[in-house]
Amino acid sequence: MSHLLEVRNLGKTFRSRKGWPWSPKSVAIEPLSFTLEAGEILAVMGETGSGKSTLAQIIGGVATASSGEIWLNGQKVHSKNYSQLCNNIRMIFQDSENSLNAHLTIGKQLEEPLLFNTELSPAERRERVNLTLQRVGMLREHWEFYPHMLSSGQKQRVCIARAIILEPQIVVADEALVALDPSVRAQIINLMLDLQKDMGISYILVTHSPQIVKHIADKILILYRGKMIAFDKTDIVLEDTQQPYVQQLLHEHLKQNIQYNSDRSAKIAD
Amino acid sequence: MPQINLYHHDETPSPLQLVWKSYRARFLSMAALYVLLAMILVVILSPLLAPFNTSAQFSDAIALPPSWVESGNMKYLFGTDDLGRDMLSRLLIGGLYSLGLPILMVAVSSLIGMSIGALAGIDRTIKYQSLSRLFDTLLSIPSFLMALIIIAILGTGFNNVAFAITLSLIPQFIFVTRNAVHEEWHKDYVTASRLNGCSKAYLLYRVILPNVTPTLVMQLTVSLSVAIMDIAALSFLGLGIQAPTPEWGSMLARSLDEVYLSPWSMVLPGVTLFITIMAINIVGDSLRRALKERVNS
Amino acid sequence: MTRYLVGRLSVFIIAVFLLTVFSFSLNYLFPGDPITNMTGVRTFQNNYSLVMELRAGDENIAAQYLHYLRHLFAGDWGLSLSNSTPVFADGLQHFMASMELIILALLVAVIFGLPLGVFAATRFRQRSDKAVISLAMMGYSIPVFWLAQLLILLFAIKLGWFPITGQINPLYGVEPQTGSILIDVFLSQSEYKAEALQDALNHIVLPVLILAIMPMMLLLRLMRNATQEMLQKPFVKAARARGLSEWRVLVKHAIPNAVQSVLQQTTLLFSLLLTNSIVVESIFNWPGMGNWLIRSIFERDYPIIQAAVLMFAFVILLFNLLVELYHGWRFPIVRHEQNATD
Amino acid sequence: QSEEPEPAPLADGIIYCSEGNPDTFNPQLITSGTTVDATAAQLYDRLIDYDAKQQKFVPALAKRWETLDNGTRYRFYLREGVQFHKTDYFEPTRELTAEDVQFSFNRWLDETSLYHHVGGSYPFFSATGLDQLINKVVKIDEMTVDIVLNNADSSFLANLATDFAIVLSAEYAQKLLVAERPEQIDSLPIGTGPYRFESYRKDILIRYSRHPDYWREGPGIKHLVYSITPNANKRMLKLVTGECDIIPYPLVSELKALNREQLMVTNEVSPNVSFWAFNTQKEPFDDPLVRQALSHAINREAIIQTIYYGNAELAQSILPPTSWAYDDRGIQYQYDPEKARRLLQEADHSSLDITIWAMPVQRVYNPNARRMAELMQSDLAQIGVSARIVSYEWNTFRRRLSRGEHDTVLIGWYADNADPDNFFRPLLSCAAVATGGNRANWCHTGFDQLLYSAIATTNPEERKALYRSAQHLLNQQQPLLPIAHSKRFQAQQKSISGVELPPYGGINFRLATKKPVQEQSQ
Amino acid sequence: MQLLDIRNLTVEMQTPQGVVRVLDKVNLQLSEGEIHSIVGESGSGKSLLAKAIVGFINPNWQVTADRLWWNGQDLLAMTPKQRRHITGRDMAMIFQDPNAYLDPNSTVEQQIIEAIPQGDVRGTFMRRRVDRKTRVKRLLHRVGIRDHESIMDSYPFELSQGIAQKVSIAIAIAHRPRLLIADEPTTAMEPSTRLQIHRLIARLAVSQQMSVVLISQDVASILPETKRLTMLYCGQLMETGPANEVLSEPAHPYTDSMIRMSLQTQQQLPHKARLPTLPGTIPTLRHMPIGCRLGPRCPYAQKTCVKAPVATHERQRVFHCHFPLLDTTP
């Protein structure tokens, strides 16, 4: 049986400076391979500049790989084939502020993928958009809104709505949780988990936070200067004490603990 | 929209409406806009409004001062020039050449320049930094100089001047459009739309265009004032629209010979030119300001 | 810096190269015989065939271009069609005369424009700011030829303070050597040097003033907006929070950064300055490039048109290069930004 | 403001703001007034001069002359001790001799002369037929020259006294031949005149300085500068600001409006005419009917009022009324658009597209040709003729004009001498077609016949009759429409004196002086 | 005596919709050498409070307080100049995005030198230069930058975020302030860098005898050394008290949910379980609820919550809630 997503020897090099044909190339990602199954959450970790975003962008179709292949359900993914990509892999960006078009209403923006990838009638499209808006916890009235009228949490919800409206199998999120308030962050995590439960979506999550990784990831992929130095189930990576780098990345911050009287707060209903 | 808003009880203005709202709030901006619109209207209607033919010479009213001066005559509101031609009619019809023609030229050159600029902006073949730097460098040659070169090649004359200025305005449009589109192109929202599988045309017209509209409108105002200045300066130097045509710059140039006998023939075209350019500049400036205010809020 | 320098210089060199290609092609675009347009030797003159041979007139275009380039760099820019004087030597004098005017105007614009802009920014949206800025708007919108006429009427005719044409009273007998009148007076053998210098200064005031007004107003507005923007920036607030005096914040932090952003728009400034210099020189009979160009267009003196265009474009490129180099040298962040973007 | 004494260089120099660049520094080569103004009287001397006050010829380089052989031979006795200019490009070793006179005349006369082809053509001499008239120039001895004519000619002495018949230095010419730079004789001039050449910058100035060894009374100033200022308005402003001491063709009415007391405007009657010439070798102007029709269409009264501000007289003939040969028969070609339209229809041209070439410069006879063209444009529009105004830089303008590229041209003429012949042959003879002086390109054998018969006789009555019929013929054929005879104006600082305006063109700075203003007012 | 004593600080600003209280009767006490954390979500007025302390409030805004004392002196009664003097001498501030708060066009060295008080360096011109340089080096060492040579000549854009933050701390402590206000100094940083900065601040607080006000969004990112903790929500003070007490026994429902939302404290939560969270979103300025602003989101809210709760004092702790989780009955 084929995997949902199989990445084979994917690598990416950049010219360090465009315009100088003879300038040396820099390696952003050295060839790496991994697989992802349906309904899994894969967390990608690593320090700044280790190539996390590059990897996410290649899988999301924003950038093209210099080498290697991506297979989806046993089919090869062609990087410029947007319709194949759209229906299966979608991307959420870090900066919800910039990833929405300031001059289009939310409804129009959500309609866009439907317009280009389905044959739905306008009424059906509208219905689908409304449904999706509700699914991410927003109202049909938001159709008429412009992005600048929404809070950052709502914007991130719209981005998620845009990602799931075509019912993809994989959603790639590049540091999508960083800029959010704690309460909103928890809401969005809940939303993502709910969606996974409902629709069986797999996530590829780029993040810095070991807490989040520990809580929701099924697998962890750790990059160090473009090299994949660990890829396995979460608990296995967490237990792995061989690599100091991995330990540093995952554990240092977990030490600091707060004694918290949990009996009291049991009063709070979920 | 018959739906009820549950959360927000305000209207939902689009960003462009917001810009307009903050533009509208300033008295000076609106005044300049009204002046400009009135000018354009007057220019469009000038063949109807002009009381006399521009070349009609009234030998009984040579170098008559404007009507508000004691020796003036109400028949000739702004007085007459040294050949006894009605100043008001000449100024009005002159607007066709000094304001109408630049508007036309800017329209044509913006159409051409923006199309090329938009294509260049999204074209990945011109991605080399040095190459685009080079274009930027070459585009820094002023439009007036380019117009002069074209006139040197083609010779003076109405058509050649119009052609020269139109041509010389195009590079600025290419430059501005290309940079604006290029900048937007790398923003996340365009990437997102691209990932939605949008066609290039959709990307350009629906996604990017609204975002660069204010920049382009601003460039339009800049180009318009440049075009007006250029054509007036060329005519003033005698290389533009030639004498009997009542272009404001050439009227100004020929009025110099009688500054003392009929000062109004120099003051009036100059003031008209000045007000027109100032109105355009204020509109452009206010637009920039309104835009900044929207971004800040 | 080296990389930045090399990058800028190579762009400059390529631009100059393209410029020569352009001016070469002008010879073919202008009406008449290309060789005549290049050299100023008319077809019926007896040395035409010699020139034809020298310029590879019957070989292919590439060879002609190479010859053209060689002559160009050797300073042989042909002869004027109207009076057969060597274009290059003439051009140098006109060039210097223009530069004198332009540089002085630029200085005036900078000396008055920048401080006024800063002043307006510190009084942001107060009455004095509004006054300064409306004045700037008016100064920026006034057609330069009209302004020149008004100022001539006021200062020269009504008040009689300044003369209106030329560089110096010709009776001082200062012969042009460099073209720049102040230098020429200095070099001249005249026994009335002091008086001549004063006369020359008197001549230069009005054109410089008129030429400076528009760039000055532009600079004022740019500087005001930039300073104003900088005063809103976090680092300025941080500097204030550190207890630095307002003056120090302005001088040490706001102004240098504002200057950096203003410098990015100098292209506009130069094109304004050069465009206006053409008009002003024509009005004041200033023997500079602009005047030369306009006259030669009237006289269809193609070798001169070509030379003037070449010089103008070269000046612009050079100005831009110098500003960019200064910019990159003084403000390292510029280098950084430009190396980072593609 | 001019309380302080001026520094020396300003006190002993005069600036004349001329209206254009000279074509050359040799008036033999050209008829352009600008060139003549800049060179003839300043750099050179002639054998004889014409004294307009006494109305007679006076000695100049020739201290006396006599007529021999029934007026076909003139003998000139040259003045001794006449020095040529000493400059940094030439040092004369000898004084003026017969050789110089012979060289100067042979330059335009003798096609075998080495210098004949250096300058190109000699329009004045060919237009007046002087080159045909003179047989040869004979050197009798060092200080005596004979000029031998083919036939007696009443206008000979008059032509000899014009600005064109100047004397060059043969020694300089010889030196240049050796140096293989003969063309330099016209660009770095050497003469015997009151001023010597210093430098010339195109479009900017010509610089002269006093000739220290001048043979007669010279100027009271050391320097003379021609500051080249084509724009009339600018010339006037420069006069007001004191940058010019004298200007030609002032905007008289403007100056009066300015009312500055240190300035004065002089005017003089001047034998000149401005006219509208039709290129008769071009369709449809080869048809006299068309020319007449167009002539009726022009409101010349209005032109006199608006262009000349009334300072001119409506021209009925090409000859000014002051000339003894003038034919006064009332107004010719009355302003009559109806008639014009009718005539045009008669000639089968109900609508016409023409060009009017208008001079870019002011001349005595026409202060603003372009504006005049604008006026005419609207007049012509009334009879259904649409006219386009064409103008080039002055030298280009004349070059193209002589190639006959124009349809019609607004130009004019002012007399070089007192003889009525000077209005006819240089302007309308067949010979003038070839030299480009005939702006109408009109060659009429009958008319030429009349002119030559008038020249051949010395009987005034007979001549008068011949010229009358010539004018009559002209009136019928109408190759050109005379427009106005203008007064000649000159504006100057009151501190300048001694500047002479000879009635027959040119300007003479020989006796110019400059006095500080205070001295004068005492 | 308290170093800083703020009672009922209120900041009101004019909006097109009317006057809005952006800070509503906030109290803050701080004693010498103490680390005080202020926690709240975005828009809760944390930065505003900090700005009110250093006196950088938009002059059009209305600032009132029963007491705004610095070291016994009333800050509100001072002229701007006096206040600036005190601020410049005794206080320092660092911010979330260090790069934006450093002048992009001067080197690190120049900026640190500028922060060194003039009176500290004496002697001849040359001596002063050398002296200044050694001081800069010492400061850099103190904030844990060993590679001082290259850092000194760098421009801010050449620094990584962590280093830049260290530099801005160096600038802040250059004049040995008595109070350091750190406004979310680590929010956008990687965990390892964040840890470094936190340790640095804690160490400096002890070694320099500085009081520190640390502002953060999240209870997870406060310093372990924190003495007291203040919770803000929408400009209202929710709860304040000794940090360990507040964290282990939150009295206010908001504090409680903030703690529970933080994954750091939720070790026992099952894998992929839904997280506890407050419903709804933070209200915008224009739509502030009346009374207790947490009202619409509070799981315990009842009718009385439309009235602003009064402060309840419980030993060291103060909280504003009608229905506190803590048993307050004596």
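Think of it as A, B, C, D and E in the order they're written, each chain with its own count starting at 1.
As a working rule, a residue touches a chain if its C-beta (ideal position, glycine included) is under 8 Å from a C-beta of that chain, and two chains touch if they have at least 3 such contacts.
Just so it is clear, the structure is predicted and the values come from calculations on it, not from any experiment.
Between the contact lists of chain B and chain D, the overlap consists of C. Of all chains, the one whose mean C-alpha position sits at the greatest distance from that of chain E is D.
For the interfaces A-B and C-E, the C-beta contact count is higher for A-B.
Computed from the mean C-alpha positions, the centre of chain C lies at a distance of 53 Å from the centre of chain E. Distance between chain centres (mean CA atoms), chain A to chain E: 32 Å. Rounded to a whole number, the gap between the C-alpha centres of chain C and chain D is 42 angstrom. Here the CA centre of chain D is 93 Å from the CA centre of chain E. In chain C, 298, 300, 342 are the positions where the chain touches two or more neighbouring chains simultaneously. For chain B, the set of residues that touch two or more other chains comprises 127, 129-130, 256, 259. Residue positions of chain A with contacts to 2 or more other chains are 17-19. The touching residues of chain A, counted against chain B in their complex, run 17-20, 60-62, 82-83, 85-86, 90-91, 93, 95, 98-105, 112-113, 116-117, 139-141, 144-146, 148-149, 159, 162. Note for the complex: chain A touches chain E at residues 41, 47-48, 151-154, 178, 181-187, 189-190, 193-194, 208-212, 214-216, 248-249, 252-254, 256-262, 264-265, 267-270. Looking at the complex, you find that chain B touches chain A at residues 1, 3-8, 12-16, 18, 127-131, 187-189, 191-199, 202, 206-207, 210-211.
Interface of chain D with chain C (complex): residues 1, 7-10, 13, 15, 199, 201-205, 207, 223, 225, 227, 229, 234, 237-238, 240-243, 258, 392-393, 395-396. Residues of chain C touching chain E in their complex: 233-235, 237-244, 252-253, 256-257, 260, 331-333, 336.
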